[in-house]
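Each chain carries a letter (A, B, C and D) given by its place in the written order, and its residues are counted from 1.
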Amino acid sequence: MSHNTFGHLFRVTTFGESHGPALGCVVDGCPPGIDLTEADIQPYLDKRRPGQSKYTTQRQEADQVRILSGTFEGKTTGTSIGLLIENTDQRSKDYGEIKDKYRPGHADYTYDAKYGFRDYRGGGRSSARETAMRVAAGAIARKILPPEIAIKAGLVRMGDKAVPDEVRDWDAVDQNPFFAPDAATAEEFAAYLDDIRKKGSSVGAVIEVVASGVPAGWGAPVYGKLDAELASAMMSINAVKGVEIGAGMGAAELTGEENADEMRFDDGKPVFTSNNNGGVLGGISTGQDVVVRFSVKPTSSILTPRATIDKDGNETEIVTKGRHDPCVGIRAVPIGEAMMACVLADQFLRHRGQCG
Amino acid sequence: MSHNTFGHLFRVTTFGESHGPALGCVVDGCPPGIDLTEADIQPYLDKRRPGQSKYTTQRQEADQVRILSGTFEGKTTGTSIGLLIENTDQRSKDYGEIKDKYRPGHADYTYDAKYGFRDYRGGGRSSARETAMRVAAGAIARKILPPEIAIKAGLVRMGDKAVPDEVRDWDAVDQNPFFAPDAATAEEFAAYLDDIRKKGSSVGAVIEVVASGVPAGWGAPVYGKLDAELASAMMSINAVKGVEIGAGMGAAELTGEENADEMRFDDGKPVFTSNNNGGVLGGISTGQDVVVRFSVKPTSSILTPRATIDKDGNETEIVTKGRHDPCVGIRAVPIGEAMMACVLADQFLRHRGQCG
Amino acid sequence: MSHNTFGHLFRVTTFGESHGPALGCVVDGCPPGIDLTEADIQPYLDKRRPGQSKYTTQRQEADQVRILSGTFEGKTTGTSIGLLIENTDQRSKDYGEIKDKYRPGHADYTYDAKYGFRDYRGGGRSSARETAMRVAAGAIARKILPPEIAIKAGLVRMGDKAVPDEVRDWDAVDQNPFFAPDAATAEEFAAYLDDIRKKGSSVGAVIEVVASGVPAGWGAPVYGKLDAELASAMMSINAVKGVEIGAGMGAAELTGEENADEMRFDDGKPVFTSNNNGGVLGGISTGQDVVVRFSVKPTSSILTPRATIDKDGNETEIVTKGRHDPCVGIRAVPIGEAMMACVLADQFLRHRGQCG
Amino acid sequence: MSHNTFGHLFRVTTFGESHGPALGCVVDGCPPGIDLTEADIQPYLDKRRPGQSKYTTQRQEADQVRILSGTFEGKTTGTSIGLLIENTDQRSKDYGEIKDKYRPGHADYTYDAKYGFRDYRGGGRSSARETAMRVAAGAIARKILPPEIAIKAGLVRMGDKAVPDEVRDWDAVDQNPFFAPDAATAEEFAAYLDDIRKKGSSVGAVIEVVASGVPAGWGAPVYGKLDAELASAMMSINAVKGVEIGAGMGAAELTGEENADEMRFDDGKPVFTSNNNGGVLGGISTGQDVVVRFSVKPTSSILTPRATIDKDGNETEIVTKGRHDPCVGIRAVPIGEAMMACVLADQFLRHRGQCG
């Protein structure tokens, strides 16, 4: 991964700021002959799009994607695919206050420290708006993957409320505004987040992404490990502070007897009796579900004033009045799915390249 | 990161198997004119070397490193640095049983699934032996970093025993065989691990790595984020299942008020009143300590028989009799330090390249 | 260089087809704080733009570039710069005949062989239209380079007419429609090409690109050599079949006495008494002019029927009636300049990264 | 290509100096299950090895290669292959004089300009000794390529003597000390070079490399073009100053009628009636022979004194008394073959990755 590009054979390069004229993306290395039109991408963008419930920012972004290249008569040609989303809702006036003050928990200070100045409108390049392009690229990645691979994701924790480990009702995900894989927990989330939202506060979340149907053998030693690339992909999403594969951080509390996933045959096919490894051993897929979880911190754009400094060397405080999400983790669900799809597509092509 | 290489301007490429003739590494992109001899590297290798206490494998590996290129009269020349460690203790007979059986929790099955066969001697390329070369590269990386940067690491959890969050006595790390940053907890670890070891069992661990003195401004949006690269670097270490930056997975349970690290001036210098962000905002360093934690799963090489299958399609069980570590996390401490050093060195050079 | 991206720290990724909706480019790694607006880029595009004299295709392409990201208040921010040119003159009907027949000397057959089908409208991705984006990226690259670096290019051969080796009147370049660095030869070119054009034929050319003011020390062993990257950059331009540095292919006919550029001091500064090496020794710049030449083949889009085959397995012949250039080498002049600028900018940043 | 690494899926990273302890190489991305022992590599190294006739340097280098990793029971495992050649003939005293003086035509001055100092023993990293590792990597690359691909190379020009264009007797190549593809010209070369050698002079050469049996469809737009990568690969060889594909620089003198390679069917298979394009159109292979030529400058290590400067700011002169080649182009023949093999292997794997 290098600055604004990720992937090796399936490569995604993005550009665009929150309040600039447009966001864009180049998807390179896509196999030829795959059916692809805007209609294949738009539903995923719509899922990520804000303003769909009271639990996400009320900013209105149409997020209408155009394919500018790389397809012909509805099929990918094998050449680079250019994608573009024009920004339509650029209400810059909302952001006037942050021009000089550094918002705690945001990248304002670090961008200034690195570059000497920054595009302060809505966070500029550091805005989660960039993730629209990951979702678009992920939609293409899904079409590359063999059809038996299914990628599901859900919000499994919000603050101190969590979907129980043994419950993963993926059908429920699209039935509630939190993408929670459990209807009962979704109701808990609703009550909890209503309270957070009314207080002008925010809260963190954990997202779980599961890819089933991944064949054994994808991935690569040593620095191209499937789990290393998933870690990087998820950690690169805005506000993510932790990534787990399988047993994750909890693996530290297990003994070897508990952790070693035993093997048996089922109908002549190797199977595992547990999945502490999250579908990855030695950086290579086992054929089990690939299971990744990541945490998303609460946004610092809250109504309670926070102490900060300004560019001119004064101590001050700030209240972020923009239209923000009480739980940015919700919209991270489709982004996590997209990153899983992109990593798998790249590993698939690389595996096919090396091993035929 | 691509297969056996990682880094962009500071690039590390490794080769070698557990029981092959040698391990090696090419470090490319090192600035010229830096003092470097084997004596700069060996102490770090010695720290990682097994057989130094009863808590690590009794395998004897001298791990004597030779610099084969890239230096002249004791200074780096700016050209690629070749490093070599000859394998001396290749007791292959220990590993005879795993030729045909897949060890649960190891990469035996996945290497076969990917490549069609594998070097079964001691895990071959999937062995943690490879990490010797990361440690060697890390020693070079440290010499590139400005002298005000200090990298410390310690084992902060072993099974259900943990160093309290508020205790980080880095001076204690080298005073106990666990690299624990707390003498009192180290004694708890000792009693606990003795028991594990005698039962022929194993246990997981959490390692914390802290880099202080990193200036604000290193890192890069969007896929070259400092934390994304740290996540990838740590997750690529053998047996790692989770990576956290700052508040980590726990960020999910915080509110925006709790999580937003406020800013003040201290002696005219911007400071933060807390470090939930782990020293990284928007993928760029804040000037605070860069704080990373990762979990290491317990090795599956234990004396309790585990159910598995063999290459010929039979269900069977396996007991791993090799010389193994009851807590492989211990030796991961210097490896984590090394990966931190490599990631920082690469980001430092890239920052200097782009921003002067 | 990887598919549709080139460069390491200064990275250019392009997309777009001849007759698709738009061409685009992402320039990543640009230093922050550089003045940049469309007005800095447009003049170079205008120079490459066709239809400016009777000697280039009469196709009308406005080639109006828009900056979509990466600048703020007229300065680069350090983030990825998105560029877009909408295609306005998409007269696809001109290209109907080539739908099924393979044009000799074009990429029609090879794209079909690789991808199974192709966007046949105007050559699709294989069209020289893509080079508009190289020119745009080159305009940005120039702004990164220290001001003492000047890049000049000219057409020094057309068929059997050539600018004499000892004549390089760079001021003449913009005074004639061939970018010839000699007014007298330009007149020869005019008469010669008029004849070619009237016959519906075409002819090849040699372009020379010279960068003066490049300091000694840019470049890198062994596969990152300045000349190796220039070779790749120039050979990647459409229709280029040969690349030379300094004495070029002619070096084969020299003796060591003739070829070795001797050194002397001039005003205390090391100088060379000749430049057979073209400003590069061991892949690293010498401080002399960096001199590159490349040949451009004649387009096969001519009025004389040529034997070819079609997709359905028939032998046939083809006459290309599109609006084409009698000497495509003319428009390659600004493209060669742009590629020189991009390679130098990337090497400059990498040198600064490694050597400070 | 990045500093000391080249290739994408088939990646070669080299290290080592002329007079250091060893040269080495890591070959990453090799498919698994390929028969590979030192015996597969050694013959190619022997072909490059100096001291085999009076026409090459009398330096004695055994160039005995060892495989240190990546194979098991004689087959590649798919993991990184480490190769090592110990330097045995390190007669440093020969090179004492060049410690302070810059040899014209060598990289002495540019390495000092870049890095501040250099390993002056035998040219250090800039020595052609590095190419031994390219030859070793090339031997592995050949084994990856489908068996119908044959790579041949020969020296086709030495000074003003040349093998006629219409003569390519590949069987003759191994029958004369110049690798000339024509017995008659080889005799001319012998007389000519004897004279050069006796005078203590040197002369340049042109090498032609031909790959037959390459299927149509390898390569990639736009910056991953097969010819762009060949150009880079060949230009990165020591002393190379020009690279041509097919008609090469001569394409500038052709008309469209002459240059367009017409197509016909032969036995139902598409064929071309000429090969001005050198087997590449639009950066993708046509199925014809891939034909590359490159020039090698004469070494500046000659007995005639040449004017130069020293590090201390004095004008002086130098005579290079080391054991050198009167025509370094001879030994470039196996190197060119190796680079062709490496580029093709990488493109093959990438094509398989993207297109299946």
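In this section, a residue touches a chain if its C-beta (ideal position, glycine included) is under 8 Å from a C-beta of that chain, and two chains touch if they have at least 3 such contacts.
Computed from a predicted model, the values in this text were never measured in an experiment.
Visitor: Can you name the chains that touch chain B as well as chain C?
Guide: Joint contacts, listed by label: A, D.
Visitor: What chain lies farthest away from chain D once each centre is taken as the mean of the Cα atoms?
Guide: So the chain farthest away from chain D turns out to be A.
Visitor: Pick the pair with more C-beta contacts: A-D or A-C?
Guide: The greater number of contacts lies at A-C.
Visitor: What is the distance in Å between the mean C-alpha positions of chain A and chain C?
Guide: Measuring from centre to centre gives 39 Å for this pair.
Visitor: Calculate how many whole Å lie between the centre of chain A and the centre of chain B, each centre taken as the average of the chain's C-alpha atoms.
Guide: 26
Visitor: Please work out the Cα centroid separation of chain A and chain D, and write it as a whole number of Å.
Guide: Distance between chain centres: 46 Å.
Visitor: For chain A, which residues are shared contacts with two or more other chains?
Guide: If we look for residues of chain A contacting two or more partner chains, we find 2-5, 8, 14, 29, 32, 78-79, 114-115, 125, 221, 355.
Visitor: Which residues of chain B touch chain C in the complex?
Guide: 8-9, 29-32, 78-79, 221, 349-350, 352-356
Visitor: Taking the complex as given, what residues does chain C use to touch chain A?
Guide: For chain C paired with chain A, touching residues are 2-5, 11, 13-17, 20-24, 26, 28-29, 32-33, 66, 68-70, 72, 75, 77-82, 84, 114-119, 124-125.
Visitor: Per the contact definition, I'd like the list of chain A residues that touch chain B in the complex.
Guide: 1-6, 8, 14, 102, 104-107, 109-111, 113-115, 125-126, 130, 157-160, 196, 201-206, 215-225, 227-236, 238, 241-265, 268, 270, 273, 276-278, 280-287, 293, 295-302, 304, 306-309, 313, 315, 329, 351, 355
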